Structures are given as structure tokens and as C-alpha cells.
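Take a look at these structures.
One chain, subunit A, links the two complexes that follow: it is found with subunit B in the first and with subunit C in the second.
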Partner chain A sequence: MVTAAFLVATLSLFFSGVPGLLLPRGSVAGERLALAMVVGGSTLGLAAAVGVVLAPAPLLFSYPWGVPGGNFALCLDTIAALFLLPVYVIALLGAVYALGYWPERLNPGTGRRLRLFYGVIVAALTLVLTAASSLLFLVAWEIMALAGYFLITTEEKKEEARRAGFLYLVATHTGTLALLAMFILLGEASGSLDFPYPGALAATGSAAGIFLLALFGFGLKAGLIPLHVWLPGAHAAAPSHVSALLSGVMIKTGIYGLVRLTGFFAEIPPWWGWTLLTLGAVSGVLGVAFAIAQHDLKRLLAYHSVENIGIIALGLGLALLGRSHGLPALALLGLAGALLHVVNHGLFKSLLFLGAGSVIQATGSRQIGGAGGLLRRLPVTGICFFGGAVAISGLPPLNGFISEWLVYLGALHSLHGERALSLAAVVAPTLALIGALALACFVKVFGALFLGAARSAQAAEAREAPASMRWPMLLLLAACAGIGLFPASVFPLLERAAQNWGVEAAGGLLAVAPPWPLTFVAWLLLVLAALLWLWRRRARRQASAADTWGCGYALPNSRMQYTPSSFAALLVDLFRWGLRPERHGGRAEGVLPASASFASHTPDAILDRLLLPLVGGGARACTWLRARIQNGSGGLYLLYVALTLCSLLIFLLLRG
Partner chain B sequence: MIAAAILHLLLLFLLSPLLLGVIGKTKACFAGRVGAPFLQPYFDILKLLRKGFVLSRTTTWVFIAGPVVALVVPVVASLLIPFGALAAPLAFTGDLILFVYLFGLARFFTAAAALDTGSSFEGMGAAREVTYSCLAEPTVFFALIVLARLTGSFSLNGMLGPALAGQWPTGGAPLGLILVALLVVLLVENSRIPFDDPNTHLELTMVHEVMVLDHGGPLFGLVLYGAAMKLFVLGSLLVGLVLPWRTGSLLADTALFVIAMLLLAVLIGIVESVMARLRLLRIPQMLIGTSLIAAFAMVLVLR
Partner chain C sequence: MPEINNTLLLIVILLNFFTLGSSRLGACIRAVALQGAILALLPLTVNGLTPHALGLAAGAFAFKGIFIPWLLFRAISEVRIRREIEPLIGYVPTLLLGALSTAAAFIFADSLPLVAEHRGTLFIPTALATLATGFLLLITRRKAITQVLGYLVFENGIFVFGVLLTTAMPLMVEAGVLLDLLVAVFIMGIVMHQINREFSTLNTERLSSLRE
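After this line comes the complex of A and B, so read on.
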């Protein structure tokens, strides 16, 4: 029943864009039909996911199909449900948002293909998250990757989108290659292409190879530094509701893969956890540092995805260490924190991307520095963005705090272990650094976009988004607040997911990390702030208005405001060793200087300074080698044939 | 628990501005002046609360939310931390994380309120405030790890309670190190000399004071009161670290705590009198150095 609902939901999503293809360009009917199918499919899928959560045991479904090597096998357990819930929610809200953001009548050239691949990627995502055989997983993974490519290049007329799409395609196929090798090794180890049962594999023999290949393949999708190079460009180039889907849920398939794979093994070598912790810490700190230095709103948000993937990796690393050292409480806290952060990040990051879309539509620009004062023009978008900013900074009383709190508790629990393990407590200061940097970054973004005075004519004339764009944001904000105010409601879910993963602690999550005081404090905070607010509000009516004090300067204007890049300059300077920001101009020359200009720019140091030179060097070396080997002289080619024959003969001799 | 909460809040509401008065008096003593009366901060706050509002035309609700949250946060946070031997009314596993993050919330709102005015001075102050906090926050967690390891507790009540008293003789070195580190954090977070000067206005080198340049009247009253409470709450963390012993009598415990807080205020006054402000570029170096001291303390307890 639940499985059937899930399959129907997947089919409905998969084909949601197809009727529109048969209808003429610019037809509103196709748009409405696609929306109806996405909404119907997502609602059904949500119901199925809830059914999975309520079911006493994981639901298994297997159908022998004609493709060699394995069955069409699905496994619907709580881990899958936890990842599926945000997929359906964000897909549904994103489709509604698209009505206002990318309407067919304004985008007849791209609308149909956008909706087609939107449906395809969501359906493929749900299959990736439920597949229980290697072949089905890889097929769904590839469909997802390709649909992602077409979504990123929606605006293919723009050079930037084509570049980002190509980089994404190269990255994702490199990852698939690693995953293919990984699944072959896994199949050899388990004896079948169907996924093994949790805890069925011994961590011997090829386990290290499997883990490293998975870390590379899945890490590339998730965007762990240094494998994140495709991510900022791709998220920036895609339409905003697609960015929300890509950043909110698509990159989480990498995390899902790592969680699922590590669940197969009975015991975990400690170095797995340490590797993931290190990668997580590097991704978290450098991701947010790169984000602070960005001027492009969507690139900035994309780097924050790298940061949050880092936080998730920290949690997962703690969970692995907990399993290696036999501390179930640590494993439970780490995994619960990681999984809850997956859900939370899906919610608040898509909220922020939808808010960014609304800002971009209103001002016509992705540059943060050109906006300002939007809170008066876009009050609803402003509040939603503010909520998202508070949540992503991990501040109470919203949901980001709850998951970070669990990871922190995990870090503290590692102090209970032996000496080698207690070093993992360093996760706590690392998280504190990441959180404080994220706060700095989002004060900058929110302040530059929504506060102060407008810095450009477009920002001064900005109009609030239509209702179809406002409601999805408000609902996402409500979801963020809901998890933040009632964390106990999601804890049983996390606990069951941990059981599916093979971790069970005495008393469960509620005993290790009782969340009720958090609820109490969150409400106390809200009530006190509301009381003070009401008290002040009465007096505020008699307030007199004045200009902002210009420190004696009589003619202040909006260009004299502190710019976002100045705001970030102190922090960018502290991280100069990793970011390598570029500065141009800015020096006034002579006694009576002429007008001068200054620009700063922070490209992705790992892509531009490491990867591209490396790949370029490799390509040149190959060209050089090819020119030597294939130089057009027939005699040399004959020599090659003779040499090959000789080596084959020697090989046969040695074998015989 | 209710009685404990009421006592906690009474101490906080009534005594927090006194700390500012004591600091001012100490500085006046060092300068050879008579100085303002001890109760001057109370008069200032009352005077401000009675005034009318003047709001900048560029501001929105964020501008008012800043002082409101900055006042609410120390009140809520005070419930999580023991005042000397008076146990915290609200203690649970992991409350230390909430304690630190609550102040993060206040910082988010005050910095946003500063940017809401559109003034470049306030933008500068906000940028510095969030930057320095990035460097101070890891220090706090290094210190808390030391306490958690030594006492085996994940709650502020346990970390600063009798379990800590038994650790001072053996764990004096790491505890002394984190004491220094936390004192630096206290000075940074409350914008005191040598990191910031609460008495200068209109200097490009200021941090916190410049953020509230456009807040006036009752809003500035809230800011002042909130700042006093923040000093009180963060100060009680230091006092709890130095004075984990219990006398057993409620009256003696309370008196001991109040005396310790006043001594802390005198100490801050002395620091402010004998030190000059650091150059702006030195502050990050100083903060990173402090983080390293705290990290070293952690290494000492983990070995």
C-alpha cells in the first residue's frame, strides 16, 4: 500500500512535465497540469513517507526486471523517509513558487523544458533515496545528474550557465565513475548486486577501498572541500527554485550515500570517522569563509551549502567514531545531529534561495552591494529571509540550533571515551567558529539587502513578490520555527533512523539529549520579547522621525553606507591565506588625485589556482606524449606492433 | 525552582547596573577624581526610559528589535548559569551550548539594528563586533571543554559546582589558563578596555558604542540595561569558576557571590585604568593568542 503510493508518486512526478511538451509554447494549461501533477505526486509521496515512518519495520519491495544484474529493489526505511520528507516538501513548494518566478507566459522558450526536468529530477531523487540494488541506484543517480545538468543550463544563452553546466557535468561523471568502481567492489564483497543488510559486511579486505571510493564519489556530489568546485557556479546559474532543490536536497544524496554505505558494515575502522571529521571541519570553516567574501547572492548561498555539508560531515564523523569505539550515545548523537541537519538545511537553505529569487526578481540583480532598504519594499520576503538567516546561523529558537546542539553534545560525549577519542571534542570549538562566521556572513547579507537605504534605483522601486512566491517561503519559515520550538516531535524519527543504521543507545535520544528545556527557553524568549515589544510599541506611536545621524555631515546619501564588502573585509583579511582574494585599483595618485576605482574579487581558489592549472598541465603533458608516440612514421608503428607481440609472448610464457 | 528563579532575577535586575557604577568609581579613584555616585547608572537608565522616541527615517522594526532582544537574552541566559553557590534554576544537559548561542542571537539582532540605520559608522562597528566574536567564541568552547572534562558534567550547574572545587588543587594549571582566557572574552564581549572603550563616542576606532549611536531615549535605556546585565551574567561565569565552594547557608552564599561580583567590577576598573586601548589591528592577534591559551589548557586536560 505504502510502496504503491510511493511508486505512483514517483511516476506522477517523473511525467509531470510531459503533457506540457505536447501543448504549444506559452500555454498556461501545460504549466497548470505540471503543477497539479507535482503537487499531487508530492502529497502522495509525503503520505507514503509518513506511512514508512509509522510502519513497524522497513518496507522492502522487489520486482525482477529484464535488465541483467539485480532486481528492481526498493527499501523504504526511516533513513530514506527522513531524506524523502524534505524532497517532497521542497519540490512541492518550489513548483508553486515557479508560478510566480518562472511563469510560462514570460518564459515561453525555457518554461517547458524547465518543468520537464524539474519533475524528472525529483522523481530520480526519490528513487536514489529508496533504491536497494546497485544497478537501480546508479541508473537513478545518472538520471538525477543529467536532469540536474539541464536544469542548471536552463538559461543556456548565457555563457556563465554553460560553463557552470559543463563543470557540473564533468564533476558528476567523475563521481559516477568512482561510484561504479565502488559498487563493483561492494558487489564482490557482499556477493550480490542487491544492497546487503545493515551490519552484514565485515570491514576487511576491500572495505578501505570501498570507503575511499564512496567518499570521493559521494563527497563530490555533496560538495565537501576540495571536491566542491562545481557547486558555487551551478547553484548560482540555475533558476532560484531549482537552486533551492539542488542545494536543499540534491547534494544531500551524497550524504545519504555515505550514511547508507557505512550502515552496511558491522564495524567501522576509526580512521573513517577521523577522515570525515577532518573533511567536515575544513569544509565548514573554508566554506563559510568563502561565502563571506562573495558579492553574488546566490554564490554566497551556495558556499553556505558547503559549510553546512561540513557540519553534517562533522556529525557523521562523530557517529562513525562512536561506532568504532563502542560508544552508542556518541554514535546516536552524531547521527541524529547529522540527519536532523540534513532536514534543517533543506528547509532553511531553500527558504533562503526562494527569498534570494524574490530579491533578484525585484531588483534584477544578484549583486548584494546594489540593493539596500528592501525590508520596507518587500516586507514578507524580508521577514522570511531574516528567519532563514537566523536559522542558518544556528541560533535559537529556530531549527538550525537544534541539530547543531546535537552535534555539540556528541562532541562533548567523546570526552567520555578513551584518550584517542577525546580529541574529537575539538569539534565543539570548530563548530563555534563556523557558527560565528555564518552569523557574521548573514548579518552582512541581510543588512546589505534589506536594511539601510536603497543603493540603486531598482532597489528603491522594488515590488513585493506575488502570493504564489510568498506562501512557499512562509510555509518553509513555519517549518523552521516548528522544529525549533518543538524539537521533541522529530526525535523519535531520528532515533528510528539510528536503529536502521545499527545504533541503539540505552534510553534513546530523549534520555541522552532531553529537548524539553530547549522548548521552554525558546518559548520564554519569544514571550519576553513579545511583551517588551508590545510595551514599546505603544510608546513608539508618538515617536518623532529624524535622519540618521551623519556625525555632523549635513548631506548624507545612500552611497555613503557601509558596503557589504567593507563589512566583510576584516574577516576576509583574516582568511587571506586560504581565500586568496584579488584586489584591483584603489590607489589615489598625485597631489590632486583623479577619480580612482577599486574592485575586489574572490574566485574559488581551489578551482582556479589548483585544479585548473593541474588539469591544464595534465592535458599539455598528454598532448606532448601523443605527439611523441603518434608521430606519423610507419616504421615506428610497426615497432609498436612487434613490441606488443613480444610482451604478449613473454606474458604467456610467464603464466605457463 | 520558582524561588531560585526569583532570587536569580532579583539579583540580576537590581545589581547589574551597580557593576557599571563600581567600575566608574574605580576608574575615578585611579584618576584622582571623586567620580559619579555608585548609583549613577540607575539614574541614567531611569532618565532614558522616561524620554520620548526619535527614530531615523531609514529604520524599520529591526532597529527596535535589536535593543529588545539584547535585553531579553541576558535575562533568559541568567536562568542557565549558577550565581556563585546559588544553583541555576534551569539546568539540563547541554545548557552551556544554549548559553553561548543565546548571546549569538543577541549579537545578530544588535548588529542588524546597527545596519538598519544606514550609517557607515554603525556599519563599521557592527563589522568589528561580529569579527571579534568569531575569534572569541572558540575560546569559550575550549574553556567549556576543559570544565566538562574535569567535572564530567555537561551542564553549567555541574561544571561550576562542587565538582569543580575538588579539581582546583590538581587541575590548577588548566583552570588558571582558562580563567585568563575567559577574562579576555569577558572584556571583549562587554566592550571594555583594552579592546574597546565604552566611554568614547564618535571615534572611528570604536566597536560596540558606535553600533548604538542612533539609539536614543528608551531604546538606549534598554541597550544600557541589557549591556549591564550581560556583564553581570558573563561575570558570574568567571565568579563561578573561581568560587565553586558552598558554605551551606543561603545568605552567606548570596553575600559571597555579590562581594565577588563587586571585586570583579573593581578588577575591570583597574584593568581599564592601567591599560591603554589596543590598536585595532592588534585585537585579532590578541584574540587568536587567547584562543591558543585556551586550546593549550584543553591539551593539558586531555593528555
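After this line comes the complex of A and C, so read on.
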């Protein structure tokens, strides 16, 4: 019953864009039909996911398939359900949002194809998250990757989108290559292409190879530094509701793969956990540092995805260490934190991307520096964006706080273990650093976008988004607040997911992490904030009429405000060693300096300074070598034949 | 008659060296023709006067000893060249390489899993050395006509192998190989003519301007 609902939902999503293809360009009927199919499919899928959560045991479904090497096998357990819930929610809200953001009426050239691949990627995502055989997993993975490519290149007329799409395609195929090798090794270890049962594999022989290949392949999708190179460009180039889907749920499939894979093994070598912890810490800190240095709103949000993937990796690393050292409470806390953060990040990051889309539509630019004072013109977007910013900074009373708190508890719990394990407590200060930097970053973003005075004519004339764009944001904000204010409601879900992963702690999550004081603080903060707001509202009548950042000037103008770049300069300078920001101009000389300009720019250090030169050098070397080898002289070609023959003969001679 | 066989094969090897070391085209063609004629004797000395061997010997002699050399002489008189002026690798280094490859052929032949009756004979080393010589000619020479000679020497090497298998190999296959050779020489002749007419030289290097 639940499985049937899931399959129908997947089919409905997969084909949601097809009717639109048969209708003429610009037809509203196709748009409505696709929306109806996505909404119907997602709702049904949500119901199926709830059914999975309520079912007493994981639901298995296997159908003999015409394709050699494996069945069409699905496994619907709580881990899958936890990842599926945000997929359906965000897919549904994103499709509604698209009505206002990317209406067919205004985008007759790209709308149909956008909706087609939107449905395909959501269906493929749900299959990736439930596949229980390597072949099905890889097929769904590839469909997902290719649909992602077409979504990123929606605006293919722009050079930037084509470049981002190409980079993404290269990255995703490199990852798939690693995964292919990984699944072959896994198939050899388990003796079948169907996924093994949790805890069925011994961590011997090829286990290290399997883990490293999976870390590379899944890490490339998830965007762990230094494998994140494709992520900022791709998220920036895609339409905002697609960025929400890519960042909110698609990159999580990498995390899902790592969780699922580590669940197969009976025991975990400690170095797996340490590797993941290191990568997570690097991704978290550098991700947020890169984010602070960005001027492009969507690139900034994309770097925050890298940061949050880092936090999730920290949680997962703690969980692995808990399993290697036999500390079920640590494993439970780490895994629960990681999984909850997957859900939370899905919710608040898509909220932020939708908010960014609304800002971009209103101001016509992705540059943060061109906006300002939008809170008065876009109050709903402003409040939603503010909520997302609070959540992503890990502050109560919103949901980001809960998952980070679980990871904190895990980090402190590691002090209970052996001496070697206590080093993992370093995760706590790392998380604190990440949280503080994220807060600074969102102070910058929110301040520059929504506060102060408008810096451009378009920002001064900005109009609030239509209802179809406001409601999805409000619902996401409500979901974020719901998890933040009632954390205990999701704990049973996390416990069951941990059981599916092979971890069970005495007393469950409520015993190791009692959420009551936290809930109390969250409610208190909420009430205080409400009171503060009421008080301010009353006090506003006497407010003076000076401009923000006026500082007593008689005639301040909007160019005298702090720019986002100057606000971030202090922190960017702290991370010079990793970010390598570029500065142009900005020197005022003499007593009465002539007019000068200043610009700062932070390219992705790993992509622009490491990967591109390396790949470019490799390509030049290959071209040079090819020109040497294939130089058009027949005699030389014959020499190659002779040399090949000789080496084969010598090979035979040495063997025989 | 192993002594006669060995003598003939030694002459073949010497002719290899002569071809490698000589710059005069006419002398080279004569050497290759002589090599072909000597090889044509081999089926008779190995297998005796059977009809099969006789047919093979007659065919090989006619093609390798007479017809193809005649074609080549005609070709060089038509394009009026006498010498290979500047090989890619000089004559002395080529000779040294030829000597090395001949030595390698002898060493390699020793380690091959041969039938008892072929062990200790000069057939396999000669065949390998001749193949190597053909290859060297093809690689190091610039003129299209010397490359044809390389091709012929190469074929002679294959023929020596073939002689060992005369009883096993039907006449038709041998005839096919010879026909192949003839067609190849014809085509080479036509190509040579065209190269000459197009570039006023027979240097195949000019052809490299045709590459992509």
C-alpha cells in the first residue's frame, strides 16, 4: 500500500512536465497541469513517507527486472523517509513558487523544459533515496545528475550558466566513476548487487577502498571542500527555486550515500570517523569564510551549503567514532544531529534561496551591494529571509539550533570515551566558530539587503513578490519554527533512523539529550522577541526622521552607507591565507585626491588557483605530446608498430 | 639438405645488410631481386621436388625475382632518380641497428617453443632478421621507392616463415600472398608517380602536410 503510493508518486513527478511538451509554448494549461501533478505526487509521496515512519519495520520491495545484475529493489526505511520528507516538501513548495518566479507567460522559451526536468530530478531523487540495489541506485543517480545539468543551464544563453553547467557535469561524472568502482567492490564484498543488510559486512579487505571511493564520489556531490568546486557556480546560475532544490536536497544525496554505506559495515575503523571529522571541519570553516567574502547573493548562499555540509559531516564523523569506540550514546547523538541537520538545512536553505529569488526578482540583480532598505518594500520576504538567517546561524528559537546542539552534545560526550577519542571534543569550538562566522555573514547580508537606504533606483522601486511566492516562504518559515519550538516531536523519528543504521542507546535520544530546557529557552526568546516588537511599535511614533547610518550628517546619501564588502573586510582579512581575495584600486593620494574606484573580488581559491591551472597544464602537456607522437611521418608510425611488436615479444619472452 | 638451406639463408642475411647499407637504388633493387630469387629456391631444398613446392618456387621466382624488380627499374627510370640522398637515420647507424636486431632475432628464436625439427636451423632467426630489416628500411628511408623495397624485404621475411609451413599451407594462400604483394607494388608505383608529379620529388615527408 505504502510502496504503491510511493511508486505512483514517483511516476506522477517523473512525468509532470511531459503534458506541457505537447501543448504550445506559453500555454498556461501545461503549467497548471505540471503543477497539479507535482503537488499531487508530492502529497502522495509525503503520505507514503509518513506511512513508512508509522510502519513497524522497513518496507522492502523487489521486482525482477529485465536488466541484468540486480532487481528493481526498493527499501523504504526511516533513514530514507527522513531524507524523503524535505524532498517532497521542497519540491511542492518550489513548484508553487515557480508560478510567480518563472511564469510560462514571461518565459515561453525555457518554462517547459524547466518544468520537465524539475519533475524528473525530483522523481530521480526519490528513487536514489530508496534504491536498494546498486544498479538502480546508479541509474537513478545518473538521471538525477543529468536532469540537474539541464536545470542549471536553463538560461543557456548566458555564458556563466554554460560554464557552471559544464563544470557541474564534469564533477558529477567524475563522482559517478568513483561510485561505479565503489559499487563493484561492494558487490564483490557482499556477493550480490543488491544492497547488503545493515551491519552485514565485515570491515576487512576492500573496505578501506570502498570507503575512500565513496567519500570521493559522494563528497563530490555533497560539496565537501576541496570537492566543492562545482557548487557555487551551479547554485548561482540556476533559477532560485531550482537552487533551493539543488542545495536543499540534491547535495544531501551525497550525505545519504555515506550514511547508507557506513550502515552496511558491522564495525567501523576509527580513521573513517577522523577523516570525516577533518573534512567536515575544513568545509565548515572555509565554507563560511568564503561565504563572507562573496558579493553575489546566490554564490554566498551556495558557500553556506558547503558550510552546512561540513556541519553534517562533523555529526556523521562523531557517529562513526561512536561506533568504532563502542559508545552508542555518542553514535546516536552524532547521527541524530547529522540527520536532523539534513532536514533543517533543507528547510532553511530553500527558504533563503526562495527569499533570494524574491529579492532578485524585485531588484533585478544578484549583487548584494546594489540593494538596501528592502524591508520596507518587501516586508514578507524580509521577515522570511530574517527567519532563515536566524535558523542558518544556529540560533534559538529556530531549527538550526536544535541540530547543532545535538552535535555539540555529541562532541562533549566524546570526553567520556578513551583518551584518544577526547580529541573529538575540538568539534565543539569548531562549531562555535562556524556559527559565529555564519551569524556575521548574515548580519552583513540582511543589513545590506533589507536595512539602510536603497543603493540603486531599482531597489528603491522594488515590489513585493506575488502570493504564490510568499506562501511557500511562509510555510517553510513555519516548518523551521515548528522544529525549533517542538524539538521533542522529531526525536522518535531520529531514534528509529539510528536503529536502521544499527545504533541503539539505552533510554533513547530523550535520555541522552533532554530537550526541555532548550524548548523553554526557545519559547522564552520567542515571547521576549514578540514583546520587544510590540514595544518598538509603540515607541516608533517618536522616532526621528534621520536616515540609517546618518551619523549626524545634514545631507547623507545612500553611498555613505557601509557596503557589504567593507563590512566583511575585517573577517575576510582574517582568512586571507585561505581565501586569497583580490583587490583593485582604492588608493586615495594627495591632499585633494582625484576620484578613485575600489573593487574586491574573491574567486574560489581551489578552483581558480589549483584545479584550473593543473587541468590546463595537463591539457597543454597532452596537446604537446600528441603533436610529438602524431607528427605525420609515416616512418615514425611504423616505428610505433615495430616497438609495440617488440615489446609484446619481449613480454612473451619474459613470461614464457 | 640442411647445409644448402643454411648457406642460402646466410646469403639472405648478408643481402639484408647490403640493402641497409647501400645508397644506390639500382643496387638495392638488384639485391632484393636476388634475395627473392634465392628464397624461391628454398621450397625445393626443404621439401624436395614435389609439384606443390615446384609451383611455389616458380611463382615466387617469377614475381620476386623478375616481375617486381622489372617494375621497380621502370619506375626509377621514369622518375630519374638513382640515390637515396638523405635517410632519416644514416647508413652506418642503420647498419648497426640491423646488426643488433639480427642478433636479437637469433637470441629470441632460441627461446621460442619450436617443433623439434625446426630447432637449430637458421629459418626462424633469418625470418625475424629479415622482418626487422624491412621495418628498418620502411622507418628510416625517405624515398617512396626505398619504402617499397622495405616492404618487399618485409614480405621476404614472411616468406621464409611460410616455407616452414609449405606442407601445411595450401598453395592458394601462398598465391594470395604473392598477389597481395603485386597489387601493393602496383599501388605504390601509382602513388609514387602521383607524388612525383605533385611535388617534383619522391620524398614522402611532403605528404605530412596532408595530416590533420
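Criterion: the second predicted complex is superposed on the first by the 613 of 656 C-alpha atoms of A that agree within 3 Å, B and C clash if a C-alpha of one lies under 4 Å from a C-alpha of the other, contacts with A are read in each partner's own complex, and residues count from 1 in each chain.
In the analysis below, a residue touches a chain if its C-beta (ideal position, glycine included) is under 8 Å from a C-beta of that chain, and two chains touch if they have at least 3 such contacts.
The model shown is predicted, which means the values in this text are computed figures rather than measured ones.
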First (subunit B), second (subunit C), both or neither touched by A:Gly635: second
Touching partner for A:Arg419 - first (subunit B), second (subunit C), both, neither: first
Partner chain in contact with A:Leu534 - subunit B first, subunit C second, else both or neither: neither
First (subunit B), second (subunit C), both or neither touched by A:Ala57: neither
Touching partner for A:Leu22 - first (subunit B), second (subunit C), both, neither: neither
Larger contact residue set on subunit A - subunit B or subunit C: B
Partner chain in contact with A:Gly372 - subunit B first, subunit C second, else both or neither: first
Touched partner set for A:Met560, first subunit B, second subunit C, both or neither: first
First (subunit B), second (subunit C), both or neither touched by A:Leu570: first
Shared subunit A surface residues [contacts with subunit B and with subunit C]: none
Residues of subunit A touching subunit C in the complex: 630-636, 638-639, 641-642, 649, 653, 656
Complex contacts: residues of subunit C adjacent to subunit A: 88, 108, 111, 113, 132, 135, 138-142, 147, 204-205, 207-211
Contacting residues of subunit A [partner subunit B, same complex]: 372-373, 375-376, 386, 389-390, 393-396, 401, 404-405, 408-409, 412-413, 415, 419, 422-423, 425-426, 428-433, 435-437, 439-440, 442-444, 446-448, 450-453, 512-514, 517-518, 520-521, 524-525, 528-529, 532-533, 536, 539-540, 542-551, 556, 558, 560-562, 566-571, 574
Footprint of subunit A on subunit B - complex, ascending: 52-60, 62, 64-65, 68-69, 71-73, 75-76, 79-80, 90, 92-95, 97-98, 100-102, 104-105, 107-108, 111-112, 115-124, 126-128, 130-131, 133-135, 137-142, 144-145, 148-149, 154, 202, 213-214, 218-219, 222, 284, 291, 295, 298, 302-303
